[in-house]
Structure formats: structure tokens, C-alpha cells
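Look for subunit A in each of the two complexes below; its partner is subunit B in the first and subunit C in the second.
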Partner chain A sequence: MNAACQPVEVRHLSKSFGTKPALTDVTLSLAPGTVTGLLGRNGAGKTTLIKCLLGLLRPGAGESRVLGERSGDLSPGVKARIGYVPQEPVIYPWMRVRQGIAYQGAFYETWDVGLTEDLLKTFELDPRQRIGALSVGQLQKLAILLALACRPEVLLLDEPVAALDPEGRRHFLRVLLDLVADGTRTVLLSTHITSDVERVCSHVAILKDGKLLQMAEMDELRGSVKELRLAASRPLPEALPGVPGVLSYRGGGSSAVLTVQGDVPAVAARLQRELAAEVTVMDLSLEDVFLELHR
Partner chain B sequence: MTLAAERLLRVFPSSGVPIYRQLMDQVRALLLSGQVRPGDMLPSVRAVALGLEVNPMTVSKAYSLLEAEGVVERVRGTGMRVCPPRSGLPARDRVAGVRPLLEQVGAKAQQLALTRRQVREALEPYLKGLTE
Partner chain C sequence: MRTPFRAILRVYASRWQSWLVLTFWLVQLLAFIPAVLDMHGVRDLFPMILFAVGYTCAAIGVQTKEHLGAYRAALVPGFRLPHLTTALLALGVAALPFPVVAALAGGSALGVLGLVVPMGALAFAGCCRGGWRAAAFGLGYLLVFIPGVSQWVKGLLAGQYPWVAAILCLLGLWLLVDAVLFLVTMDEETPGYEMQFRSNLRQFRGSQARQSMSAAIRNLDRQNSIWLRLVDVQIPDTMPYVGASRWRRIVHWRRAQANQWFAVLMPSLIWLVMVAIQLGLAQPAAASSRWALRSTMWVLVMIPPMLALSAWQARGGMLNRELTYPLRRRDFVIEQGVAALVPQYAAWLLVLLAMVGVSAILPDACAWTDLLTAAAVAGPWQAVVFALLARLGTLGSGLPMVIGMLLAAFVGTLLLMGCVVLANPAVTATVSAALVLLAGAALAGTYRHWLRVDIA
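This part shows the complex of A and B:
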């Protein structure tokens, strides 16, 4: 394995379905010990990216590598070090839960039987139940258990909590944090629940229409997108042409609210000077940041 | 004594304030209120991460910044220990700790057209605990 290569490397990856582009020139790399939240609207390309990483889809251009090997031809040895939770888990419905676990475990050298027992209890799964009779949420819990039980070095999760109740989600977050606590795993997690991402993720990647809009450390991203509130004794302008990094502006009268991306202190100082306004900088939640970047 | 993370610390992921800053503020507040004393050990990074369901790197970051500020010190193999207050520093350096706040007070007072005397009088009740 190339020493400079991170556990997950994506270079200029593009993928189309027919004439419709799903991913366009995506480049990113994920370092060991990081948990990256993959955000994007429906159809932004999250699932396509994860499937390309696993070699389940062939890219049109560019390439991706996981643990040093090209996604298209991952060896069984490397596959055994990757955990994957698909959006819609498919597990043999005629098996019982316990059989399904034993069946999958047979493929892995690093299978942690103790962990599977713990997770069965945590997720309140009945090992004797037929997999076909599980609810959507229970099936998702089983898929998470199967992905984690080999203690994977790279974990790819495609909306793993979409069908879980709030308690199940909390259990999942705790289990995930327990796995990454040793600082050696690499996790990519797609989800729509931004508050979960704020809790457990160190990094954020945002896809928009197949393009990578942002790839940054969580605090760096949140430090670079802020809301400014202006108050002045003179009427403020209706728009702010020529000020760089302004994502949105609602103004008029003696007060205005705008969101800014980039060098926030510099923009704040400039507005204070040019408009003779009192400027208050407000923090935004990740959800607000996400929505502002999609304006 | 090691502190129980989930009992003393709380995070609000969507409040807008980065989680590492919430943790730093809370440790400082616990110190000021006397719930945490010099010599106490902070809970381990892992305990805080699992207890509060936040990323361990976030907790590490908060601890490292508190260490850089001299609020806690790293004890090899044991964890983070709360330091005694840093009265050993020259007064000039300690004054630097309140200067940003005083600058804000000054600027705000100017905007509100207050007099020096009005500001001094307003400040007085907050200085009660100090020596002459």
C-alpha cells in the first residue's frame, strides 16, 4: 500500500446513469480516525459515491481506492476489513437472526462474537426470529450489527438510521463512537440528520447535484459560515453587491440579516466600516449551514 | 477524584456553538462555581465521548485547548488534572484575561452615550469579591 494513500481516496470520480450525471469530478480523501458525515439532498449522489467506493458501481471517469486497492478490484482480504450498511439491507429472509449472523461471520477472520452478543442485547433483537419477519427498523439494526461485528477499518454507512426510532439511533451512535474511540478507523456516514452529524462526525462532506460542494473539518466549516445581524441609524441598502461571500441578505430599514461564507471577521469589519452599522456575528447550526449553502 | 462526565457536562449539538467550545466553557464554569477543584481529574476522552455521544476528537480538542490555556495539565498515563489558579503570573498578564470584555463594555457604553461615572457605578457591584 502506498504510504501517502489514505484509507479512502477518491480522485476525479464521475459517474452517469445514461445521460444523467450522478457524480461529477469528485475528489476527496478520508484519514484514519475521522468520521465524515456525508450530507446532500435526495439524489445528490451520496449512495452512488458509496457504491462506487465498494466497487458495486463502475465509475465513468476517475478512480477510487479503499485501503490502498482500486474499488473495482478489491481483494477478499481488503473486503474483510470493510464494513458496509446499505440503504436497503438484503439479508436471507428464511434464516433466523442467529443463523444470519453465523453465516456472515464465517467470511471474516476478525469476527467479534462477543460484540454480536452485546449488540443483539443493545438493539433488542431476538436471535430466534426469522429475518423475513423483522420490521424495517429491526432489519436495519441487524445490518448495522453485521457491518460492525468484524471491527472494520473502513466503515461505509448509507443512511443507517433512517428507519430507527430515536432510542435505536442513540444506541447506534454510541456503538459507532465505541468503535472509533481507538482512533484508527475511517468512517463515512450518509444521513439527513444533521444533529447526529454534529455529535459524532469530525468532518463534513456536502454533495450538491453530484458535485462536492464542501469537504471540511466540522469546526472549520461552521467557523466559515455565519449569520451577521446589522443595525444602523441610517437606512441600510436593499442589496449588498460587491461584498464577497454573501450567501443571502434580507435587509431594508435600519436592520438586516445576512449569511456569509469565508473570512467572516473581515466581512464583518468591512460592513461595520462602510455601512456604519453595528454588526453582531451569530453561530449557525449545521442544518442552517447546509440550507444556506443550498440557496 | 475523577468527575462523572454525563453528570457534569452537557452538550447541545444544534445550539450553533461548536461542541468543543461548549465543553471548554462548561469546564471553566465548573471551576468557577467550585464544583471542580484543583487536583481533580477530568473524565477520560473516551468516557466523555461515550457518555455525551460526541466524537472523541472533539473532546480531545477541548482538552488540548484547555491545557494550552493552563486550566488543566496532562498527567502521563492518567489523564487531565485541573491546575491550581494561575496567580503566579504577573498582574499585567492576568489583566489581559478581562481586557476583551472591558473593550466591549467601553464600546457599548460609547454607543449608549454613557458617562464614565455611570459605567464605573454600574461595574461596582460586580467587583464586590475583590480586594482593594
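This part shows the complex of A and C:
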């Protein structure tokens, strides 16, 4: 599939609220069968990006497309192939769970009644309960159910597990993995829980202050940011000017720890040579990578 | 029938509010038919028509907006069309029987259409726009009752101005088309998105709060904006709860309730406009004006405290957090109660003062003895109503509150009317004393209830 046919495409997208930029020149595309974790601090633009993709917000510049159609003008056929879990689900509080499911299901030809029953059991939701009486976590589970039940080809999840307990999160991730197992569905998962991203995502996109800082495969990203531990027989310098890709450096006496992005082996070799130090390369967790990139 | 339509109709049918509106509408229609036949025309029935069509179309607007002013409308395939179709059909059903009945009775169908189409569209469009716009659109209803205009409307209904009726019909249809376009094209950045007639905190969030009119909305809706400001920045400065005097805390709670001006002034203004309307309606028959005011002021006296209380109830969700402030629960309950009662009685007194003014200007419109009766009976009744609604407000459902308010208005009006008709000071004093005792007992019971009730 060429780039023009990717299920989710964003080109030079910018969006401001008043004078405050929320997204600046964001370009990315998600290939079919990929699960992309969208990471960023609070206010980095994750929700804005997802809402622009869905056409809920109008971009100031650039464009985004989902399943080949412009986000602001999605046809019913394409909408039927998109699932969305908002950060704060709004579901009619006076309905009962069963009624809410039937109500939304009435609009989808592909609505999978069997899947809804399975998910009701998995998430331990009582179909007779009034939606207004659900806890925040239960409401989140219902929102996930509603998003998954149409068996979407593109699934956009805006912090879907923030309110779930560990068991609920585990159930959700398993359901998500089952859903994408056939390799045809595309998922964009915005979350702050990096361990979840490591568990299910094949790709990672990192937003910082509205700009796309990094978009890479999970292994590639983790492979490109490493921690180097230096041990030398003489005092090491206080800083390392001129060494490319150094994100952070904490030196003291004859040992130091630094984080490097880019060509890690080359940097390690150079430091070993110039400082006459023993260099140990350490892997970082995704959370550490995220924090280092945000320094 | 397609499945989405069935689902939408089920939603309409599953809401008790739908049945309430339908019942009111049917009662109006059933009262309208014999009235038309008896009077051989509709010229004097326009308040009835407006009432029936107005609130029904407004309810349809609220219902439609609730579904279309959410992300679901933009994402669920084919969501908007069946909703809009259902709404337009319901609008037709709400409005069209009146011109049909008028025509069957030998009146002018076009004349009635010239009223119901624009006014129904006004109510629907106003509620679709939501927030303060709904109130602004609602002002259109008040215009019809201005004395000169109301005479002209009667002529319109009698078929005296067919061309004007046709133009008004077209204007109404244009308003409907505009409302439909608004519902179809709005997104999260459109002013009014997510807003319904009933205001809520959601409308002041995120992009909504940044809309160009947001400052005006926030200023209008004190109930929300002041609280938001307190939450954001002012709590450390304005909430010296440790060591502060009880009255100072009460003042703070009143600020936090933020209904002190909104709740006092708005109902009072509404009341004054309604009195002006009532006087205007009765103007041609000056002899009946006193009775006209008598017959309405008692109900209207009940409105301010109910609105004030409902505004206070609207922030019930805040109480659980506020209960964690370093205060003993009994102090918290007493202070919240007093803070709610202060604007309630302020609104009531303002209305009473306004009535004194009306009485001074138009002695025939309102007698001094009636005002004294109003003060003696409706005064303690405010506390009874407050205690009742404060108790019902803890049940977690709006329905008991609505029923409680209707019941309170009915009983309060009945008591006042009885005292006014009897015009016996001894009876009035006895009723007043009984109400004072009842208010004391009700307040004490509600206070004890609030000490035990779950606030979550």
C-alpha cells in the first residue's frame, strides 16, 4: 500500500485555539495493521490531534484523512469503519446499558451483537443498569464496548484506560490485541501509561508542545535512545560539548551517566576513545525514553 | 421502518419528559377544540396556542440538540438525518393540528399558521442554539404579548392579514432551515455546541470557553463562572474557612453558589415582564385588570424562590468536594442552607417590592390588602418549599424535584387564593402562623436529613 492509501494520514496539520497553538505542522501516517501509541505531556495536543482526525475540530492549516476521506467530510460508509473512545465519554445517562448499546447499534450495519455480549461479560457490565449510575471506570468500559462493537478498521482511543482498574486495563488490552490480530486494523492509542504502549503498540508517536517529536517503530525508538555509563580512571568532564545526540549528562568524578539519541554505537566508541573510559550501553524503558526526549 | 428511526422513537418513548410534554400538549389541544367551537374563532386563544406549540417545540429542540450536540453525531454513520427527520415530523405534529382545527371551525388556517410556524420555529431554533441564545430567542415570545402587538396578533389569527401570515410562515420555515443547517454543520468549536437550554459546566470547558461570546456567556451565567473562578484561583483568598466567622463563610458559600445576583435578578425581571404582559392583556377590559393581576401574582410570587433553589440544586455536584473542607458537617449544612435561603428570600422580597411599586402606580391593578396577604402567606411558604425541595434534591433524580415544585406552586397558590378570596384577616393570620410552624418543622426535618444523607 502506498503512502496515499494509508488508513490515517496527517499532513502539515496545524491547529490553534485563539492565539495558543495546539498543533504545529504535524505530519504522520499510520499503516494498516499498526497499533500506534500517542504519547505526550498534558496539553501536548494528543486530544486535539485525534479530534482533528475525526473532524470534530477544524484544522487551521494542513489536512488529515481517515480511510482516504478528508476528516471534515467523512461519509457514512467511512464513519461506519471508525471507532472512537473519547477521553470523557458522554453517553445518555437516562438510558440503561442495554438500551444505550441497542441505540448506537441501530446505526451500524456491521454491529456485532455477539461481541457486545462478550464484552459485557468481559467488562462485567450489568446491561440493566442505568448509565447515569455507572462509575467512571464502568462508563469508560461501556465507551470502549461501543467503539469496538462495530468492528472498526480504524480505532482512535483517547486515553481509554485512564479510569480502568488493572484488571480492566488488562482485559481491554487483550481485547485490543484480539481485534488487531488479523493485521488489517489500525489503532491510534493516546495514553500516559507507557507500559501499556510497550505491551500492545508497534509504533510510537510523541508529541511535544503541539509538534511531532518522534514517530517510529517501538523497537527503533527504543534502539535509538540509550543510556551510556562511563567509568574512567581519571576525572571526567562536567559537560560533553560537541558530542552529537547527547540528551542528558550527569557526571561526577570518574563516572558519568548520559543518554544518547541517534547513532549510539558511534557515540559510545567516540567516548571510549576520547575519554579513555569504559562505556556500558543500557536499554531504557519507554517511559525513560519519553522523559529523556522531553528534557 | 428503518432501525435507526425505531431506535430514536424508542428514545423519545423511554423518557418521562416526552410523556409529560405530550400530556400537556394534548390537554391544550383538547381544551382548544371546544373553545374554538364555542367562540367561533381563535383570536382570543392565542396564549393557549403559543403555550402548547412553544413548549412542545422547545422540548423537541432540547431533545434534538442533546443528541446532535455531541461527538456521536459527527461519528456515528447516518446519525443526523433520522434525528432531524424525526424532529421535523414531531414539530409538524405539534403545530399543525391548531390551524386544522381552526379551519374546521370556520376560522383562518393561514392566520393560525402565521403564528404557530414562526413561533414554533423560534422555540425550536432557540433551544437548538442553546445557552443564552435560547433565552434571547425566547424574548420573541414576550413580544407577542405587548399590548399593541397582541391586538395585532388577534387580527392575524382572525385572518385579517393573509399576506403577513404568509410572510411569517416563510420566515418561520427559514428559521427552521437555519436551525437544521446549524445542527448539521456545527462542530466542537461552534458557539453553542453541547449547550442545551439547561446550562451546565461542560459548556464552559476547553474550546467552548474560548469562543468569542464566551465572556458574555460567563458573565450572564453567574452560576457557573463565579464558581469556576473560585476553583481556579480564588479559593485561598476567598475561603478563609478556618477561623472565619459563620456569616463570612455564608457569604462565601453564596459566592460559590454564585446565584446571588443571577438568581435574584433574573426571576424578578421575568416576573416583572410577565406582570407587564398580564396587564397588557387585560388592558382593554380595565375592570378585569385587578383580577388579572390577582389571579397570577400568587403563582408568580412562587417562581423566584423556586428558580433560586433550582440554581442552587444545579451545583449539587460540588457539595461532595466542599464537604471535605475543614468544617463540621452540621455547620456545613446550616451554612449551605442559609446561603441558599438568602438569595431566595431576596428574590421574593424584590418581587414583593416591585408589586408595591405596581400597586402605587396602578392602584386598580393590585390592592394593598392583597399585598399584605401575599407577604403573610407566601413568606413562610418560601421556607416550606425550600425545606421540601432541599430534601427532594437528595434523592438523585430530577423528577421528584419537578413534581415537588409543581405541587408547591399549586398548594401555595391555593392557600393564597383562598386567603385573598376570603379577605378575612383572622383567617390569613391563622394560615400564616400555621405556615410558620410548618416551615420550622420542615426545616428542622430537612436539616436532620442532610446530616445523615449521602453526599457523593
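Just so it is clear, the second predicted complex is superposed on the first by the 291 of 295 C-alpha atoms of A that agree within 3 Å, B and C clash if a C-alpha of one lies under 4 Å from a C-alpha of the other, contacts with A are read in each partner's own complex, and residues count from 1 in each chain.
We take it that a contact is a pair of C-beta atoms (placed from the backbone, for glycine too) under 8 Å apart; a residue touches a chain by one contact, two chains touch by 3 or more.
Since the structure is predicted, the reported quantities are computational estimates derived from the model, not experimental observations.
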Name the contact category of A:S195: first (subunit B only), second (subunit C only), both, or neither. first
May I ask you to decide whether A:K141 touches subunit B, subunit C, both, or neither, giving the answer as first, second, both or neither? neither
So in the superposed three-chain picture, is A:R65 touching just subunit B, just subunit C, both, or none of them (first/second/both/neither)? neither
Does the superposition put A:D283 against subunit B (first), subunit C (second), both, or neither? first
Could you tell me if A:Y84 is touching subunit B, subunit C, both of them or neither one (first, second, both, neither)? second
For A:Q99, decide between first (touching subunit B), second (touching subunit C), both and neither. second
By the touch definition at the top of the document, which applies to A:D178: first (subunit B), second (subunit C), both, or neither? first
Looking at A:K46, would you say it contacts subunit B, subunit C, both, or neither? Reply first, second, both or neither. neither
Subunit A residues within the subunit C interface of the complex: 17-18, 51, 54-58, 76-77, 79-80, 82, 84, 86, 90, 92, 94-95, 99, 102-104, 106-108
In the complex, subunit B residues that touch subunit A: 11, 13-20, 46, 49-50, 53-58, 61, 111
In the complex of these two chains, what residues of subunit A are touching subunit B? 33-35, 170, 173-174, 177-178, 180-181, 183, 194-196, 198-202, 218-219, 222-223, 278, 282-288
Touching residues of subunit C toward subunit A in the complex: what are they? 3-4, 6-7, 10-11, 14-15, 66, 70-72, 74-79, 187-189, 207, 210
